[in-house]
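The block underneath contains the structure these notes are about, expressed in structure tokens.
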Amino acid sequence: MTTPQLVASLSDSTSSSRRSKDTLFLTVLWASLLLALLTLAALVINTLISGASSLSWNFITFFPSPFPEDSGIQSALFGSLWVTLTSGVISLSLALGTAIYLEEFTNPDSRLQRFITVNIQTLAGVPSIVYGILGLAFVVRGPLGWGFTVGSAAATLTMMVLPLMIVTTREALKAVPSSLREGSYALGATRWQTVYRQVLPAARPGIATGSILGVSRALGESAPLILLGALAYVSYNPTGFDSDFTVLPLMIFKWATEVQDEYRGLAAAAIVVLLLLLFALNAVAIIIRDRSRIKW
Amino acid sequence: MTTISSAAVASLLPTGHVKKQRRIEKVVVGALALIASSGVIITVGIVFSLMQPTYKFFTERAISGYASDETFVGIEESGAGLRDSSDISFADESLIQYAEPVSLGDFFGSTAWYPQYEDGDFGVLPLIVGTLLVMLTATIVAVPAGIGIAFFLNQYAKERTRRVLKPLLEVLAGVPTVVFGFFALVFVGPYIAKNIWPFSDVGIYSGLAAGITVGLMILPMMATLADDAMAAVPNSLVEGAFALGATRREVCTGVILPAGLSGIMAAVIIALSRAIGETTIVLLAAGSQAVWTFNLGSEMQTMASYIGFAGIGDQPVDSKGYQTIFAVGLLLFIITFGLNMLSRKVVKRFREVYE
Amino acid sequence: MTSFRKQLVRGIVATAVVASTLAVGAPVFAAKSGDKCEQRDAYKMAKVGTSYIRCEIVPGTSLHSADPKKKAAFKWKTLTGKTAEAQWVMSSAKNASIRIDGSSTVAPLATVAAKYFETATKSVNGKKGVKVAVGIAGTGGGFEKFCRGETDISNASRAIKSSEAAICAANGISFTEIPIANDGLALVVNKSNPIDCMTMAEVTKLWKTSTTAPTKWSDIRSSWPSTTIKLFGAGTDSGTFDAFGDLSGAGGKANLRKDASTSEDDNVTVRGVNGDVGGVGYFGLSYAIENADKVKTLKLDKGAGCVEPTIATVQGNTYPMSRPLFIYPKNSSLINNPAVGAFVNFFATNVKQISDDAIFVPLTDTQIKALTGALSKIAALPKKSG
């Protein structure tokens, strides 16, 4: 509607047609809202119904097995732990370095900053499967040749999560008021001293929340790892970075494609565990964010 | 950023100390710059890793198999004599079969996609059409509903409701794609897709089931981004419209939508590019055959799900089938890159300046 | 430290303690021969005094018996003679990992063997049991990895080709071919399909690539329904695809129709055939038996009447689409990694029970002779000590 039309309709005195349009509109909005809420409800309920019977302490401590009755997810849990923690640590370090460099040591609006920023935005928009291809070509085969191991998976997920981490750490650094920095300079500190002793500690909650977001993204990712050959039957926890592995989302994928009904329950139970883990991670992030709300 | 000249500072401190700090600073900045270049390195890595095998795909021959009339080793033969590596005679060089490089015309023109067969067909059109169909379905599901939710959050919801709804949306946004895929397989496919498609019979695998589920997956993202776009509309405009007697609906459609259009369009494009790149849901719900069809109720493959599918089954390295992973991957990368650029141009072009 | 940080640290420490107890906890048991044990303890071994006991299935019962009286029960049994010592030695292999990849038809069999082997070695060595990973890259893909040296054992649902052996030789990889079980390729259709039996000529007509390839069931035999045919096939890199090319009479896999939904994963085929009224697919017999409630297995007629795929007809080769299954251990793994040799021996000596548990057709007597021959060849390989 253009402004003249809007103004014209406002002086339109047939208020009942306006009101019925209003109600219709509101109904459409409620329907949209319901779509989202019902999806969430259906997801949760469907999963709980299928999976509740398979959930047990045994489910977490057992390993996958050709016999569904004593299958469990221990190797997938530890595999996920190894892969996501490693990629979280490495990508956080890289992201911090990049963010500090961009925020503290380059001029805003410089061509370098804009170039790197555009680059990172592009990377953030790349589908996750393409990172899988990158991992397959460079890390699994190609120059590094690490094969289908924990190391390859961690490297691939690091690359995938890095853009997100860079964005969130930059936001965290940006949120630190410049008065803090300027006070530090006034006292004679160098730029690096300022960053290291003032800015970073102040940005810590933001960085922590950002890294938890990155880790939960890595935890739930399945597409790139499909290409990294993690669909095998692996019934032991990773023994090192050169070990075979499996992760929770792939365990779910594998069990979801099995035809026997018992596996459907296992897949649903594994989904419950995955969702609980993600929920716990997010709760921690929220707690950190709320607890450290410093008043500037 | 104001800095006091280090010379002034230096005059107040022992010289040695300042020199040391400056040296440390140089090293640190150098290290940080190196780290910062990691982002650029990854982009280069992606493009390079995709381009080389793609180049080979279009220009080089690849070994596609070996012609041989080896007899079938049946149950009796397997028990007859033990064979080990020294017993099996070696193949003749002349038996090697080659697959010709794929021409661009075949790639973009043919409608048969059977890359894993020995005399394969490499027409990527079925994958492109499949991607478009799934993406369109996802858009129809997510865009109107997402904008609707955003309107609701923006104009109709009380602060308390917002505080409950926003986290719920975040929770839905954080659900992993494999969970949605499972949901598509056990719920959307058998109960929803099967029953609402009037044009043909719908089997257990369909683009429709995949499209609906992908739409549901991007719905929270669409809603959040649209909400952000609407929040950026200056309050003065909104309050002005209310002052003129507009209802909330009229404010939404007459003021917020046009004013926030650039942000909303950018949101749509971002959601679209997420939908195009979605692998797991489509792999689980839409089947594993690249059918050349415009029927949403049929089984189909998208570019992303083909890559996942090809990755599970191990193709011989450097065969044409293996190279298709990279060729299709490059195509996918180019398309999402293009959409990314488009969204940024759209924001710049349509942004209404109010100040 | 702020109180929040203290709590966080405590929480992390607590989680670490719980996790480590989980990881460390090994049950101490004192069972004796004749005691009952659970299915998940199958193949656990223990030394009681100077003799060995092992948790085994009670003879006459089976994991897959329809008869409730024959439902699987497990008991500790004393092993006697040389086999006892041999089994104990095999189970003492420790702290190594074995990589197996290849055919998705053979994978369930290898996975059951792997599980039993892991249970056995864990029971003897505690947490230092052998770790086995089984992949499903397909027979061809498996050989590729194998000939690059990436795997220790390759599963195959067809014999290795000389061209593949050439690649292995070029990379210095030598192997031993071991027939491990048999399989019948079951041709399955949707449960609502009235067809019961097909002649091999009709099978060829259905699956061979041709300009007049049938699109409806009635194109093959006019008395059959006119539903549209939907083909589901095995992945093109799989041995099943290869074998089907030969066994279906199409004259090799290059002659198979391309308009089929293919997947490396037989579950996709089951689901596909189950979900489409005109669906038809093929996979190993064990999948057909396991999913008998979801798909219908056809009888095949090679001229001597309709034959149903069963253990007897496959072993006797009267079922037209019968084939042997193989494992190919790498000789250098056998030499350098004692666990691989132990696993292969374990697999081979217990193959009858493993085949039964995984619903595979066991080896014929002639094949068992070949198997024993293979084992002695392996035993003759120069061994690394320890």
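Per-chain residue numbering starts at 1, and chain names A, B and C are given in the order in which the chains are listed.
Everything that follows uses one rule, which is that contacts are C-beta pairs under 8 Å (C-beta built on N, C-alpha and C of every residue); 3 or more make two chains touch, one makes a residue touch a chain.
Note that this is a predicted model, so its numbers are computed, not measured.
Among the inter-chain contacts, the highest number of C-beta pairs connects A-B.
Among the other chains, C has the CA centre that is most remote from the centre of chain B. Between chain A and chain C the centroid-to-centroid distance comes to 37 Å (mean Cα coordinates, whole Å). For the pair chain A and chain B, the distance between mean C-alpha positions equals 15 Å. With touch defined as above, residues shared between interfaces to two or more other chains in chain A number as follows: 229, 231, 257.
Within chain B, residues 312, 314, 317 each touch two or more of the remaining chains. Listed for chain C are residues 137, 265, 268, 271, 274, each touching two or more other chains. Per the touch definition, chain A reaches chain C in the complex via residues 61, 65-67, 69-70, 147, 229, 231-237, 239, 243-244, 257-260, 291.
Residue ranges of chain C in contact with chain B, taken from their complex: 137-138, 140-142, 144-145, 158-163, 165-166, 168-169, 173-177, 179, 182, 230, 235-238, 243, 246-247, 253-254, 258, 260-265, 268, 271-272, 274-276, 314-315, 317, 322-324, 326, 331, 363-364, 366-370, 373-374, 377. Chain B makes touch with chain A in their complex at residues 1-4, 6, 9, 12-13, 21-22, 24-25, 28-29, 31-36, 38-40, 42-43, 45-46, 49-50, 53, 141, 144-149, 151-152, 156, 165, 168-172, 174-183, 185-187, 216, 219-220, 223, 241, 244-250, 252-255, 258, 270, 273-274, 276-280, 283-284, 304, 307-308, 311-312, 314, 317, 325-326, 329, 332-333, 336-337, 339-340, 344.
The residues of chain C lying in touch with chain A in their complex are 4, 22-23, 39-40, 97, 99, 101, 107-108, 111-112, 114-115, 118, 131-137, 150, 265, 267-268, 270-271, 274, 290-291, 294, 358. In the complex of the two chains, the chain B residues touching chain C come out as 65-66, 68, 70, 72-86, 88-91, 95-96, 112, 114, 116-119, 121, 203-205, 287-289, 299, 309, 312-317, 321.
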